[in-house]
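Two complexes follow with subunit A in common, the first pairing it with subunit B and the second with subunit C.
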Partner chain A sequence: MNILHFAIAAPLLFAFFTLWLGRLGRPATQIVSVTGFAIPAILALAAWLTYDPVVAGGYDFVSRHNTGLEAVGITLHLGLNGVALPLFVLAAVVGLAAGLYAAQSKAESLPRYMFCLLIMQGGLMGVFASIDVFFFYLFHELALIPTFVMVGVWGGRDRSYAAMKMTIYLTLGAMLSLAGLITLYVQSGAESFDLIALKEALAAQPLSETISYYAFGLLLFGFGILVSLWPLHTWAPLGYGAAPSSAAMLHAGVLKKFGLYGLIQIAVPLIPGGVGQWENWIIWLALGNIVIVGLVAMAQRDLKQMLGYSSVMHMGYAFLGIAAMSVLGAAGAVIMMVAHGLTVALLFMLATMIHHRTQTFEMDEMGGLAKKAPVLSAFFVCAIMASIGFPGPGLANFWGELTIFLATYELRNWLVFVVVGGVVISAIYGLRAISRIFFGVESEDFQEVQKEHTVKDMTWTERVPALILLVVLFLLGFFPKTITHPINDTLNAEPAYAAEVKASEGEG
Partner chain B sequence: MPTELYNTLSQTAATNNWALIYPELILGCLALGLLVLEVILPKFSHGVIPRIAILGQLLLLGYILVFDRTGCTHGVAFGGMIELTQTAQVLRVFFLIASIFVCYLAMVSFENKTLARIEYFAITLVITGALSLMAMSNHFVMLFVALETATVGFYILVSYFRQNALSLEAGLKYLIMGALSSAILLFGIVLLYGAASNPALASSSQDSMNFDNLHAFLAANSTDRVALIGMILVIAGIAFKIGAFPFQVWVPDVYQGAPLSTTALLAVSSKAAGFAILITLVEVFAPLSAWLVPLLSGVACLTILFGNFAALTQRNLKRVIGLSGVSHAGFLLIGVIAAQAVPQATAWVLFYLFAYLLGSMAVFGSLVHLPKAADAELELDDLGDLAKKNGFLGFALTVGIGSLAGIPPLAGFIGKFLLFVAAFKAELYALLAVAIVGVVVSIYYYFGVIKGAFFEIWRFQDDEEATPSETAQPGDLLTWLGRLTIGFALVGSIVLGVFQGPVGAWLGGW
Partner chain C sequence: MNPEIFTSALLVVPLFSAALIAFTMRRSGTLASGVSVGAATLVLATALHVIFQVDNFEFNARWLLVGPFSLDFGFLVNDLTKLMLLVVSLVGFLVHVFSLGYMKDDPNKARFFAGLSFFMFSMLGLVMASNLVTLFIFWELVGFSSYMLIGFYLEKPSAAAAANKAFIVNRVGDFGLLIGVIMVYWSYGTENLTELQAMVTENPALVTTGIGLLLFCGTVGKSGQVPLHVWLPDAMEGPTPVSALIHAATMVAAGVFLLCRMEFLMTVDALQIIMWVGVVTAVFAGFVAVAQRDIKKILAYSTVSQLGYMVAAFGLGTLASMHSGDHGMGRAMINGGAAAAMFHLTTHAFFKALLFLGSGSIIHACHHEQDIFEMGGLAKKMPITFVTFTLGLLALVGTPFLAGYFSKDAILALAYNHEGGRAVFYLLVLGAFLTTFYMVRLWKIVFLGSPNSEHAKHAHENGLVFTVPLIVLGLLSVIAGYTNLYPHALSPIVEAGHHLASVEGGSTAAMYGTIAWAVGLALAFVIYGAGAKEDSFGKKIGPVFGVLQNKLYFDEVYNFYVAKIQQRFASALHLTEQIFLSGLIIRGMAGVAGLVGIGLKALHVGNLHQYVYWFIGGLALFWVLGGG
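Right after this comes the complex of A and B.
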């Protein structure tokens, strides 16, 4: 038993405790469930501080157990490498913030809600801690199922339709990626789902061109649906629009990164040839994400829809980073994933807080909120700046986007112009949202609302989760080294990414 | 004359063939014992008889699991009529577990009925014995006799609620379709017999209905047209049992009309028996695999597509479950086909069956506690907030449906996953693509069931007027026995999804 076991098991165990002790009343539910989120957060922090990859094949905290499928090549093989570590920490941090926020919310039958959220958290911790590809998939699904339930039961407008659409889209994505993973299992000849064993087998004997084409295609589109690759993204804005805020935080912030993580950690290193074969597809679809979805986000008048589209849009950058097939691109994508995860979680949380005050998500029906809630507006402005990739206040997103732009230049130099144009798009809708919600004159609808509700600023229970996310965001913005070092070490050891570096070294 | 009889008896005792089928003999005796008890016991204590049936089966199951898990593998008995393989032993346990569940379901659904009930349990026991003999059969005569014993039992059980028109209709449909399929099967058997005992052909034999002899004959004459037609007809007869396309037409109506416990028995045991015999026959017909594999592949594709797409539009719960069962038959067929190329696939099919058993029983177990369970008109809307009214049943239903849908980390997911791996290894890519489409489509209707149980449904004001005290609530009849039984299916579905260790080893494949 090591840190990872506890970090995965604690939320799952506490989920059942919450259900069981929930009958004692609201405070008991809150204490038990928040403990369930705090334990993995503390453990992840400990893992971050003590991470030492020299131990075993680039992985730390390694353990392996047989659950009965060893003969099929499946074992519970856990460990963290430099790419998994930042995401593991991300999952823990966002989980804690979402948990804290959910615990103080007015959700109906809170114990059941926290149960779903804790199960999701357990799955998330497992996804990034798995070396075995099978468990990687299994934990993802474990986290996904509660999302559907939460959207369907506790969701807002159109929840039934949104839950159904999400379920079908994401199941399709999951099935395609599962088919891709099984292809690797069978075709590699490794007879194992262990990522390390697969890597060794495929390094010794790479896949033939045809097989790598199909295997990578399956993984690309399977994972692509899960990450809302254009034009398969339509579930995302709808789902996030309907999802209760903590579920949207965990899904958009962390769970969605599963697909990108799978591409960086599994698809590209195992099938390096596939990236070249699908390069143009990735580039053009990613541009669809950035430009088309960006424009769609600009047209939104509903705050939550806008955030949903904006989160879809930013995935395009990560896809470009992956398509670049270089350490720079992949590292940029990982930083981007972490920074975007924190930002989008923060934004979804703030959006709900705004909704509590204005009783609407329609931005036209708000205005002048800064006067009534200055702290909230400060948080929101920071979050939007981060989301745009604004370099000023030392936010982590900037480093992610910058490295991706550099990698994109190496990929196709004309792409940079388009991609930088994307930043302008997100600046337009981001800044416009700030001005519509917080500044200017109060709209008539908002004045109506104020007659019935007194608008207060953020309470402390709301500030704590927001602060957690913002502090980590600043921390990574000022000291990106803390995550870039492990990412670098891992990716440089990966022949698929390091190929270019070695080639250029050879020339030198 | 007495000496002759004595000689026969002593011979029988010496060869000890009967010892091989002791569980089936005990089941038969238990069935008779129940009927005797009904006569002996005073009327007010008749409630204890179903409990005795369950207890007897539990003891038998316990004995097999503890002392005879792998004990008498590979025994051939009665002159090659029966061959007890590891697979058959596993299935024997499967049928017993299923039968215990069915007895429990029947106990609950007969609670407020004025019907003769003891016969139901006796017939269930006999069917269980017959099905497990069917799984062991190594000879067409044995196969046919066991199959007919079970089918005749089913004729009665399907139309058991004899005041209910839908139940009678279901019984009639099952009778006609069952008779037709038996006829087709029999015709196939006769053709195979005729072909294989033709002395003019190589490797013909006197006892050509024996599977080993038939296999030898087919290996020598793999192009024989008569045998080929015979094989197709036999497969068609079995396709009826498993509810595979195009012999699935009876499934929705019969599942809907039959009492819930019978539906469970049909869905689980009858289907598993069909697969047991199919696994055996696929080996026997291996020399004809040039025809057999495309035939089964086509059937599997159409079965998956039909089952899933037909279930999409259904609102009736039993029909949904019936049609989802059709699609499960399709998934299992993939495993059976793959087993020709991938030896472990047989064990994986068995695992899938166990996952299906536990998932189905969790679902049926929670449905039987709904106030309208006895009705054939159990609609999705009748689930109305089951989770809120009775958390345990809501949870059981969700886990059961989730397992059937193949959602990790439940047993059904591991089952599907293993079949996918088998299909990949056997290079059945087209089938795999169809299976993936099937899984995605199936999410829609499984999700509908979960939605019904969890998400609040908007109802007319009139419905609300009925006060809760007047109407029955879900779970009114839930006793500790019920919690234990449903809890077993529930926990089993979860545990088998996470930790397959000893079960996997016992199933024998990996």
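Right after this comes the complex of A and C.
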């Protein structure tokens, strides 16, 4: 047993404790469930600080158990490498913030809500800790199902339609990627789902061009749907719009990164030729994410929809980072995933806090909130600045964007002009949201609302989870080496990415 | 002690002040103002120490390494940095003191001072950055402080709109700058300024026009050059001390500083374009200023115009030194263009800060009246403001033997000797005439005659925190042109700038400048009545005046684009997406999928419990089959 086992098991166990002890009342539910989130957070932090693999960039905290499926090549093989580590930490941090926020919320039947959230958290911790591809996938499903349940049961407007649409899309995406993974399992001849074994087998005997084309295609579109690759993104704004805030935080912040993580950690290293074959597809669809979805985000009047579209837009950058097939691009995508995960979780949480005060997500029905809630407005300004990649609060996001831009220029020179244009687009919708919600005078609707509700500034129970996210974001921005160092080591050791580095160094 | 300790302190002190105020003193404005002014004092002392006691140095510490891309956080302190440090810390300190009085009764004083401290942090970081990426980061941060302070009166919709406009217009400029920074990396393999300079000096063929112009986009945004100047006049929505510090003396000049910082990356073609952008801006803004009636707007357009002079000076002088072959080899290791631009930047920082603070003093005394035709007769009511404002004004218009005279002279001399013909020179002389004309117009209407409104009648001189900064800046406006008064640590650049005026043809250029000054002065005196109530001259020239009053309709065109084209296009895309993607294709696909199998059909029912059971059932089945 090591750190990873506890980090995965604790939320799952505490999920059942919460159901069981939840009968004792609200305080008991809160204490038990928050403990279930705090344990993985502390353990992830410990893992981050003590990460020291034998080989630079290799796996640490490795363990292997037979779960009765060894005959088909499946073992519970856990461990973290430099790419998994930051995401593991991300999952833990966002989980803690989402848990803290959910615990103080007024959700109906809180124990069951916390149960779902804790199961999701257990799955998330498992996804990034798995070296075995089967468990990687299984943990994802484990996290996905509570998401559907939470949207369907605790969701807001249009929840059943949203839950259905999300379920169809995400199941389809998961199935396609599963098909891709099984293809790899069969074609590699490794007779194992173990990522390391698969890698070795495929390095010894690469896939034929045709198989690599189809296998990568399956993985690209399967994972692509899960990451809301244009034009398969429409589930995202709708789903996040309806999802209860903590579920949206965990899904948009962490679970969605599963697809990108799968591409970076599994698809590209195993099928290095695949990216080249699908390069134009990735580039054009990613441009769809950045330009089209970016413009659509500009047309939104509903805050949560806008956040949903903006989150979809930023995934386009990550796809381009992957398409670049270089350490620079892939590392940029990982940095961006972490920074974006923290930011978008913060934004969804703040959006709900705004909703509590204005009783609406329609930005035209707000206005002037900064006067009544200055602290909330300061948090929101920081979060928006971070999300638009503005150095300062969003220094970590900026590092992600900058490295991706650099990699993009190497990929196609002209692309950088379009991609950096996205920076202007996101500034427009981000700043508009700030001024519509917080600046200016109060709208008539908001004045009406205030006759029934007194508007107060952020309470401390609201501030703590927001602060957690913001502080981690700040730290990552100012000390980027803490994550870029392991990411770099791992990617440099990965031939699929590092080959490009050598080539470009040769040219330079 | 290591020199980087002092430069780090220059960043840490104001940042700490901003954080301390933001976290603990939001409701205690007086304490906050004390902390912030204390920080500004400490910054001034440290900056003076760095300027006089620390030799030029560079310090770099690895910040991050991703693949082949490595980046340092570092300081580059050279003559250019030191001159900017002086301007920023000195003007910053005086504005802090002035704000003690100006913001005395504002309920959100703490937020204001936190913003000022944060601005000092970001501006000092910008000035000292040793590589382009770090410079870009601080460049964005000054933009953020500017955004927060323009929108300081956030309940005013016009202030919120102005803040957004400033931020977004700057982002358009930064779009080019960021691409330039990216291309610099791929072209040269480094972002470090010293390394870049060494590389380019060794092999001048590496310099490309494209990169130079992309980097220049940043200047166009931040320094309010045509066509991105539109945010700067609107930025006057911020409190007046902010206008003085950020939107006149320091931040807007950062664009000029950026050019000087990387003068070695410019080609002849790029410089031609840069020069013309500067010239057009200088003249255009001068014309517009003639038709404005808001005291701060007049000063804002004047700032735009003067920034145009600086940019033009940079282009002219760098071209000249390229032709004469001493590119980068001038006496101060800086070419004539950068020297002339920086010289004017320095003198301008003093007298324009003075003019804005003076207008702040007037606005404060007149209960936030900003229309010059509602003032009048203020000379007698506010004697110290009157005298200092007049000094600043005389310096700005280039009155012989005051600061602006020398720095503008250097620019005119450059233009006179420009090899591409005299057109640039005549345009800049025209700009000088306009400057005198609109400033004397302002002066006569505001200070002479008799009060035109109740507010003006009851105006009286403000206290010492107002007047002392005015007096100090007034003194500087008089002496800042005498470069031999500068201490040795600061003199190389300004002397190189001053030296330009003494070249062949310099006296002819100076003569033209003085004639333009005299004509502007005389015309404005004749045309405008003392303490006039209305713009009679504007009425006489009718339609032309209307066009100028509306700033050549730049805002109208942009607003039309944003509201009617961009936003409609976005909405149309949104609608298309709704109909096409979510409606037809996806529902159609879902329908097909629904027919395909029972598994998916179960999902269509929307019964979530079933889904959970499927998952558990499938899992169990898998284990049974696989395990067996």
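Descriptive notes on the structure:
Simple rule for what comes next: the second predicted complex is superposed on the first by the 497 of 508 C-alpha atoms of A that agree within 3 Å, B and C clash if a C-alpha of one lies under 4 Å from a C-alpha of the other, contacts with A are read in each partner's own complex, and residues count from 1 in each chain.
Just so it is clear, a contact is a pair of C-beta atoms (placed from the backbone, for glycine too) under 8 Å apart; a residue touches a chain by one contact, two chains touch by 3 or more.
Note that the structure is a prediction, hence the values are computed from the model and not measured.
With both complexes brought onto subunit A, simultaneous placement of subunit B and subunit C is prevented by a clash. In the superposition on chain A, A:Val149 makes contact with both subunit B and subunit C. When the shared chain is aligned, subunit B and subunit C each come close enough to touch A:Ser160.
When the two complexes are overlaid on their common chain A, residue A:Leu176 makes contact with subunit B while staying clear of subunit C. Once the two complexes are overlaid on the shared chain, A:Leu69 sits against subunit B and subunit C alike. Of the two partner chains, both subunit B and subunit C are touched by A:Glu141.
Measured by the number of subunit A residues touched, the leading partner among subunit B and subunit C is C.
Once the two complexes are overlaid on the shared chain, A:Trp48 sits clear of subunit B and of subunit C alike. Residue contacts after overlaying the shared chain place A:Val416 against subunit C, while subunit B stays out of touching range. Residue contacts after overlaying the shared chain place A:Tyr101 against neither subunit B nor subunit C. Applying the stated contact rule after C-alpha superposition, one finds that A:Phe37 touches neither subunit B nor subunit C. Only one of the stretches 8-16, 224-232, 440-448 or 458-466 belonging to subunit B has C-alpha atoms clashing with subunit C in the superposition, and it is 440-448. With the contact threshold set out at the top, residues 68-69, 71-72, 138, 141, 145, 148-149, 152-153, 160, 163-164, 167-168, 171-172 of subunit A are in contact with subunit B in one structure and with subunit C in the other.
Listing the residues of subunit A that touch subunit C in their complex gives 68-69, 71-72, 74, 138, 141, 145, 148-149, 152-153, 160, 163-165, 167-168, 171-172, 231, 234, 238, 292, 295-296, 298-300, 326-328, 331-332, 335, 368, 370-371, 374, 378, 385, 390-392, 395, 398-399, 402-403, 405-406, 409-410, 416-417, 420-421, 423-424, 427-428, 431-432, 435, 438-441, 480-481, 484-485, 487-488, 491-492, 501, 504-505, 508.
Partner subunit A is touched in their complex by these residues of subunit B: 344, 402, 407-409, 413-414, 417-418, 420-421, 424-425, 432, 436, 439-440, 443-444, 447, 450-451, 454-455, 498-505, 509-510.
Within the complex formed with subunit B, the residues of subunit A that make contact are 66-69, 71-72, 134, 137-138, 141-142, 145, 148-149, 152-153, 159-160, 163-164, 167-168, 171-172, 175-176, 178-179, 182-183, 185-186. Within the complex formed with subunit A, the residues of subunit C that make contact are 22, 26, 62-69, 111, 133, 136-137, 140-141, 144, 151, 154-157, 159-161, 163-164, 167-168, 171-172, 174-175, 178-179, 182-183, 185-186, 189, 566-567, 569-571, 573-574, 577, 581-582, 585-586, 590, 593, 600, 603-604, 606, 608, 611-612, 615, 619, 623, 626-628.
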